[in-house]
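Chain IDs A, B and C follow the sequence of writing; residue 1 opens each chain.
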Amino acid sequence: MDLLTRARGPARGGLAAHLREPTQVLFLALLGLVAAGWVLVALDGGQFLTLESVVGIQQRSAALGIVAVGQTLVILAGSLDLSVAYLISLASLVAAEIMAGQDGNIGPAVAAVLAVSALVGLVNGLVITRLQVHAFIATLGVALIIRGALDHLYDGPAGRVPESFQVLGYSRIGPVPVSALLWAGVAVLAWLLLSRTRLGYRIYAVGGDEEVARLSGIRTGRVVVLAHVLCSVCAGVAGLLLAARLGAGAPTVGTDGGYDLESIAAVVLGGTALAGGKGGVAGTVGGVLLLAVLDSIFNQLEVNSFVKDVVRGVVIVVAVAVYARRTRGRRA
Amino acid sequence: MLSMRGIGKSFLGVRVLSGVDLAVTAGEVHAVVGENGAGKSTLMKIVCGVHPPDEGTIELDGRPVRFGHPLEARRSGIAIIYQEFNLLPERTVAENVFLGREPVRRGLVDRAAMEEATARLLGELGEDAFGPRDVVKRLPVAQQQIVEIVKALSVDARLVVMDEPTAALAEHEVESLYRLIGRLRERGVAVLYISHRLREVFDLADRVTVLKDGSRVTTLPIGEVTPAELIRLMVGRDLGAYFPPRSARAGEVRLRLRAAGNRKLRDIDLDLRAGEIVGIAGLQGSGRSELARAIFGAEPFTTGEMTPARPRSVREGVALGIGLVTEDRKAEGLALRQSVRDNVLLVARAVGAGNRAGVRDLLERVRLAPVRRDQEVRYLSGGNQQKVVLVKWLTMAPRVLLFDEPTRGIDVGAKAAVHDLMRELADDGMAIMMISSELPELIGMSDRVVVLRDGRVAGTLPAGASEEAVMRLAAGEAA
Amino acid sequence: MRRALPILAVLAALLIAIALVNPHFLEPAGFLAFLKRAAPLVILAAGQYFVIVSGEFDLSVGSLVTAEVVIAARLIDGDESATWPVLALLVVTGLLVGLVNGVVTTRLRVPSFIVTLGMLLILSGAVFLWTGGAPRGALSDGFRVFGRGGLGPVPWSVLILLVLGATAILLMRADFGRTLMAVGDNERAAALSGVRVHRVKIFAFMLSGLAAAVAAILLGGFAGVSAQVGQGLEFSAITAVVLGGVALGGGRGSVPAAMAGAVTLEALFTLLNLYGISGALEFTVQGVIIIAAVSAAAVRLPRKSTPRTGDAHAAS
């Protein structure tokens, strides 16, 4: 019976198939955008990709990039985190208040920020897994809780970050800002986590199909909780970075940056499926860079800042539509 | 090797299993049969540690064990192959095979070791059509099944549980599975085999355990029981003849295809007549379901003729009086969380027509009357769910009704009821087309059997053709 | 209706708690004033319900409300005669935004979370681009009467709420509602039963847009023109719907329960105010209560409410 229809051979993952992955599309788009930006800015009489603008792009990307890397982890695990924006504000305040301008307090302050953010992540994760609350509602609820505490305790910037810590925000090594290095470090760690560790494999498994993961012996709840802890720690690190940049903590620094929805947008722009189980950090890095380059072009062309919002919205929707179209094309 | 005594289990206060004993010896294929709801799947999940039992003991090699998690059962050498695929489509074959127990070296996943081990297992099964790095979603269904089996073998399983493993396989793929099970048996691996298909039980099993209403009826060596006796043990009554008698009155042509085709089908000629049941046979991938979907308008024909008209959409198909009872009831037939009433009225509401007032009569006609109409359909048995799908189409009084695997996954008693209904509808003048992978059913029900191969009609056989004749046409050996 | 019972119990408890502090609350005037305040959120929740029950999200309603109010103020600019044309324009704008959300979600197969997030960015950017960063102009008295005035003792907004609420309930009982529910439960099965899935979903988004337009008209009159008028309303509306026991993901829950969820949320705000919990901590309490309420619903029916494919045949 074996000589009967031996099923057609599988489509092997060759070069052509690889080129159709969202990440490749994204980086091609990024290159295209840089080229287009160059031309546009040149026509405008300016010079794109000067040291200044590259540094600017890196600076702008760093905070969003770090949050988005964390967001990638939870989205891959099939969850999402709407509490990062308020957590960033909280982290900046915790850092600046504990540092209080003293160099000696940097260590304890950083430790406290990481502990607080890990705790918030733990709460997010436990509410989702133990109380079975949809991640959207759970993290929104936690966001409200943090917001209430912040609004209650603070009216404006507070605390002071010592000069030595502000290095993180502004200095650079050659053309590379320290903050960009920090971002790169976080991204590389997350990439390593996802592609080379058991936890990473399990994050993909839980996000891909929770039941399959469970039946394969994976303790799915624990994976989701860990992903949330890591995501919140990323938000905490972003909070540290922003505190270093501001020289103080601020109760609105997270929400002003729109880090909650923007980070989700950047992740999705990077080709990670909102439903989980598919995508990765490389795409997210590309997504963040794309948004930053877009920003930079608009800045150089001195376009009204509200146009940026409009274009950003369009870009995100169009990008995801393109991915959806490609997936469908492959299936058909 | 494995011995379970007095196993009991309840869900939400409903008793699913009570006092079940089961003993499996090394190198044995042990079949577990019973109607839906008899507790087979629950028993298997207890074996595999998915659910802990409420009562009873499990012993492995004489030592009592208690599995709190699938992982613990797997570490003891128990593996399960589920009836629905349990693979991650976005991940590679190797990643799926080692899911949940990836080998680690210095804290990092050892991908090389993982892929090597997977390749070795694939080699042992003589599988060379795909490799460890292929992404699962790009593999055909039969190869995904092999990945499932490799996943089970990779744990050095001593006991493999197979829950309806042939549900998604075509006839020839079932043969490969038989060979594989033979090889497992030689290696001293025990196999617990659950199937609705009695033929497989008699082909494969050494012993068979019958479950009914959550209790064990008996365990017998397969040589000491006949299929008829086994059915009686399962349902507790004699079902007598398998299939309702044919009536030889074929009326006018309701639907005519001439040289019809699309991307998956070519040159299809077919007539469906009032009062007739036409069976469609073919291997997996031969275009059986595609034919039904094309006639219905879900994946329309793009060339050729269809009389009275060629539908370009589902709604056009419905307007032509065509209905489709889909292959996968839960995924494509029902809105499981909605009531019986909302489900049976779905088509009528969608197209703004149909006989809504007569729903009560229709439910009575298919003998669903005792079911509350505001009951959510997910709480119904497979057989009753299928009747809901059927009534959904009957509200439209269709002229042509297409059935794709109408009895898949429903138990023996309900199967007979569905068969009776199909024949009744035909006798009332409906034209019926039926697809089934179970040849005895297909041949027993059909007034003629049209065999498809590679998207074309390979031949037509009269009522009462032999299984062998159908297989020969389907496989394309010289007829 | 059985699902609506827990939320009604919570609502009753809240109302009693409010009445204990403020006995006037349960008098007609006090209660009508409460309903008047609640009306915009309840209407938004009803609109959001249609989208959620079809299996989607609408994150754009908050920015749509802001946009509508800002547009109205700028176009009317105190001119009484412009009231009715502008009202019509607002309704059309709401429907149009819903149409775009729906078409992009269904035809281009972009998750609605992203589509409506993009719409949120586009709307807020576009409005401020047009107004130059700060809302200008003023609403006419004729416009404001919907949010402020009333027919005798009964505020217009309560009447509008009653009419829209009744319409929503009737819609869900009609063929449209039943097919919408089926789409949210099992889109493929609905499509194979002849349901025009895209059209049904697009219509749901348009209803949400319409609800946002009406809410904007009421809020504009009630709260006045500001750039913050719609801020966070999308989250409040979604929260209200979920509080009413409507599952994210679609196919479950009822319109009255969703609207009851919104009234409950508003009652919660009222209660917090009465007990003197400052505006800031109000958010904290709100967050805790939302999580508690939703988790209570989830914990009460652990398996029944979320059977996974595996458990479905485990129970057989």
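Just so we're on the same page, a residue touches a chain if its C-beta (ideal position, glycine included) is under 8 Å from a C-beta of that chain, and two chains touch if they have at least 3 such contacts.
Predicted, not measured: the structure shown is a model, and the values here were computed from it.
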Chain contact topology (line, ring, star, complete or other): complete
B-C compared against A-C, more contacting pairs: A-C
Separation of mean Cα positions, chain C and chain B [Å, integer]: 43
Where chain A and chain C are represented by their mean Cα positions, the distance between them in whole Å: 29
In chain C, residues with contacts to at least two other chains: 309-310
Of all residues in chain B, the ones touching two or more other chains: 50, 82
Contacts with two or more other chains, residues of chain A listed in rising order: 211, 214-215
Chain B residues within the chain A interface of the complex: 50, 69-71, 74, 80, 82, 86-91, 95, 99-102, 104, 107-109, 111, 129-130, 133-135, 138-140, 142-143, 170-172, 175-176, 283-286, 454, 475-476
Interface residues, chain A side, partner chain B - complex: 1-2, 4-13, 192, 196-198, 200-202, 204-205, 208-209, 211-219, 277-278
Touch list for chain A against partner chain C, complex: 127, 131-134, 136-138, 140-152, 210-211, 214-215, 261, 264-265, 268, 274-275, 304, 306-314, 316-317, 320-321, 324-325, 328
Contact set on chain B toward chain C in their complex: 11-12, 14, 16, 36-37, 41-42, 45, 50-51, 82-84, 298, 314-315, 317-318, 324, 326, 331-338, 342-343, 345-347, 349-352, 378, 381, 392
Residue ranges of chain C touching chain A (in the complex, touch as defined): 59, 104, 108-111, 113-115, 117-122, 124-126, 128-129, 133, 235, 238-239, 242, 248, 278-288, 290-291, 294-295, 298-299, 302, 306, 308-310
